[in-house]
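Take a look at the structures below.
Paired with subunit B in one complex and with subunit C in the other, subunit A is shared by the two complexes that follow.
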Partner chain A sequence: MSADAAAVAIKVRRPWFGERLLSGRVLKGALGLLLVLVAWQVSVPLVGLPEYFYPSALAVWRAFLELIRKGILPVYVADSLGRYVTGVGLGTLIGVSLGLLISLSRTTARVLAPLVNFLYAIVEVAWIPLFVIWWGYGLKVILVALIYVVMFPILYNTLVGIRTVPQVYINALRSLGGSRLQVIREVLVPAALPNIITGFRVGAGFAFRGLIFSEMIAAKTGLGYLIFEGTAHHQTARTIVGMICMGVLWLLIDNVYLKPFERATVERWGTVVAAEERR
Partner chain B sequence: MRPMRGDRLRRILGHRAVAVTLALLVAWGAFSLWADWAGARKLTAVELASARNGRINVAVTLDFGPEAFHMMILQSIGRLIEVKGDTAYLMDVPVDEARSLARRYWVRDVAPWQGR
Partner chain C sequence: MSSASRRLVDDLSGAIPFVMALAGWALLSNYGNVPEYMLPPLGQMWMRFREALVDGSLLRHVSGSLYRLAISFVIGNAIAIPLGIAIAMNRNVSDLLRPVLTFFQSIAGIAWVPLAVIWFGIGMGSVIFVITNTIFFGAIYSTVIGVQMIPKTLHRAVLCHGAKGMQVFTELILPGALVQIILGLRTSMAYGWRALVAGEMIAGSSGLGYMTIEAVQWYQTDTVIMGMILIGLLWLMLDRLLFAPLERHTVARWGLLQR
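Let's turn to the complex of A and B:
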């Protein structure tokens, strides 16, 4: 990095929520959302379609309150989140471990890389019917689907990350008497970490979609089931509640956990000195 | 310079992910305490004393007619005998399950029932 670029890469304090609210950014966002909701509500009598076909914003709000009052939504959200966290955790563990194991031998990496790339391209949606045949309906199918979805981006990125580590770093540690384990711990893992985190974020995003799809097929609770069940029983407002919850949950997970984690990792281990919010 | 312990703690707590997780845990803890308290009022220890062999027959009243979701829960904890309006009648419910059912906020009341 040049001296000028380094000078520019100073740490700028991110404004806190209250400051952003006062600066009008949040207010503008809320106003935009309100306009969409009003347009949606007004359009319902104009379109004149039955409620199960095109429910109003108020009907969706009522369905949301009803689902909470009846204790359905909290349980479904908790079940979906539990499956998501377990699946992503296991998928990450397996993906990183396999990536490290495969990349330890250059020949193994060369042989298996095309297979990994091939499996990465087969979306989990294609596997789920097969998983159902093998394990029936239930948690096992959902977890296997999530592990599959998360594992491949992480495994692939781990392989790429380790492949791009300059040999000179490995040689330097070896020449100082470093063991193979030390090379992994001190050079390979830190160098591949930004790639692993990128793979993790991609996998976590895919996993959310995989979760909803697998719950539609193989579960009796969860947001995916709510979406599916709502449509099956002509309770379209409930389906939309499920969709909105899904979007809000993903925004929260991404903004509260994944983005800060990725930023911190890239700043600590990556080539970026201070990755600032470009807003 | 190494930061003081208080500064370090403040920095960790200032982290958005930690702050949100802590807020969620506190909210969950508060809700659990409230659910315990409310559950004990719905199904008192005196009422639980009518249990035989650690099982009790109960009438579970909700604020609404039970849906498939509620029926699944009720069926998983005992023998569902019948549903009349907003009340479901269950036999042979383990005492612990009856207590945990009373903790649920969507259950209005759990009362001992003589059974059939």
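Let's turn to the complex of A and C:
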């Protein structure tokens, strides 16, 4: 390609990290966040509302320090994270294995697809009241809700992924002497993998909000509980600490864990050509 | 077998698991020694459904939920999409605001419910605030991304051909960002729907979410399950009848979605 050749010929000097940091997006982005914080802090005396109604940025910072000093926040974050990882892990495991199992025969996949669609549509939030009736308030409700919310997008997408594999590929491998097992390993699983990953990403996103909600209803620790309990005792600053921690935690999970994972798998399999082209 | 009758068989075969699930439910609740509060008999479910239909409470809850969703959807998008485009047209502004938007998008939704109760009290205001918040940040984020993802080359090409002000907007920005905006609509609606149900459970005074959580207090499992089934059916209708066709007519037509 001529563009590649040109790039090699000119050999553009890559700016060093600090340089990029100062001139680039990172700095502007940090500035944006800072502006929001300053605007928030300045607006508090201007609107003159009671602290429980509209706490200042500094009050939230003090609540944050207090929650850390008392050791509450680290425990809550660890609890939430533990529940999240357990629920998402189990949900992924069950979703993928069930999806592959159902897809082994086209008939079962076809027969079960409407049921999967329907159960996927009953959002986990709607199951929580029934779970509470069955098992009372507690960890079980949260874990089952998380498993549910991760399982169905994966299951749904696995079924769709395998259904859309062209029959020609399967026929080709069969006529080359491939066994049923080889068809699964060499054609169906790789073909469905991008869909499975997509389902996983969707499920992981819903699961995080689902975690916060189920902790509001059925837990006595965790970030959801912190967010919920704070307002019940007019400690609104604590609620906001919980919300910010939740946001930061989700961004960490998403950027450090999920996005690289997706890049490593989906993009390699070439389904996100569009994004590649537009870069 | 002709293809039409084969399709009919395919469609009908999908009903088999539902019938089996219902049969299993009937057996379990009648002979399975399961207490009624854990799994109400089908007859009781049907009675409850008819009762709620006749006294109008069911219709009131469903229409209340849909009304709140519709209002929030319109308000959220009506502000977010123009604002998102305006932000994205200026590189500096969008660089400044993108982390802020990313952050707000990541906490949008259910987490705002307790704060909303402090600000607006229990009821309609809180629920609408939470859903609007979810939809607003979903829509504005995907709009900004959509505009920024338009290749520079196209921008230059349009300018080269002599496009001016408004033309750049109608010929390049709008169609270019549309795909991302519509994908964003569907995603934010999915989050908005969860926020609606969850918000009504914690902060509502009517609606499907309120109906189900209220029934938990009295161990009215029939009402809880009825609410769940309706929540599922309504979402299927919304997603398949509204968003799937919208996506098909726009995103798929513009050829950017590879399936």
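Keep this in mind: the second predicted complex is superposed on the first by the 246 of 279 C-alpha atoms of A that agree within 3 Å, B and C clash if a C-alpha of one lies under 4 Å from a C-alpha of the other, contacts with A are read in each partner's own complex, and residues count from 1 in each chain.
We take it that a residue touches a chain if its C-beta (ideal position, glycine included) is under 8 Å from a C-beta of that chain, and two chains touch if they have at least 3 such contacts.
Only a predicted model underlies this, so the values are computations on that prediction, with no experimental measurement involved.
Chemist: After lining up the shared chain so the two structures overlap, which partner does A:239 touch, if you call subunit B first and subunit C second: first, second, both or neither?
Modeler: second
Chemist: Quick check for you: in the superposed arrangement, does A:106 touch first (subunit B), second (subunit C), both or neither?
Modeler: A:106 sits against neither subunit B nor subunit C.
Chemist: Between subunit B (first) and subunit C (second), which, if any, makes contact with A:30: first, second, both or neither?
Modeler: The second partner, subunit C, only.
Chemist: According to the stated criteria, A:230 is in contact with first (subunit B), second (subunit C), both, or neither; which is it?
Modeler: second
Chemist: Name the chain, either subunit B or subunit C, that contacts more residues of subunit A.
Modeler: C
Chemist: Shared contact residues on subunit A, subunit B side and subunit C side combined as an intersection?
Modeler: Comparing the two interfaces on subunit A, one with subunit B and one with subunit C, no residues are shared.
Chemist: Inside the complex, what are the residues of subunit C that reach subunit A?
Modeler: For this pair, the touching residues of subunit C are 10, 13-18, 21, 37-38, 92, 95-100, 102-104, 106-107, 109-115, 117-119, 149-151, 190-191, 193-195, 197-198, 201-202, 209, 212-213, 215-216, 219, 221, 224-225, 227-229, 231-233, 235-236, 239, 256-259.
Chemist: Going by the contact rule at the top, pick out the subunit B residues touching subunit A in the complex.
Modeler: Within the complex, subunit B contacts subunit A at residues 15-17, 20, 63-64, 67, 69-70, 72, 104-106.
Chemist: Using the touch rule from the top, collect the residues of subunit A that touch subunit B in their complex.
Modeler: Against subunit B, subunit A makes touches at 69-72, 75, 220-221, 252, 255-257, 260-261.
Chemist: In the complex, go through subunit A and note every residue touching subunit C.
Modeler: Subunit A residues touching subunit C: 25, 28-33, 35-36, 52-53, 107, 110-115, 117-119, 121-130, 132-134, 164, 206, 209-210, 212-213, 216-217, 224, 227-228, 230-232, 236, 239-240, 242-244, 246-247, 250-251, 254, 271, 273-275, 277-278.
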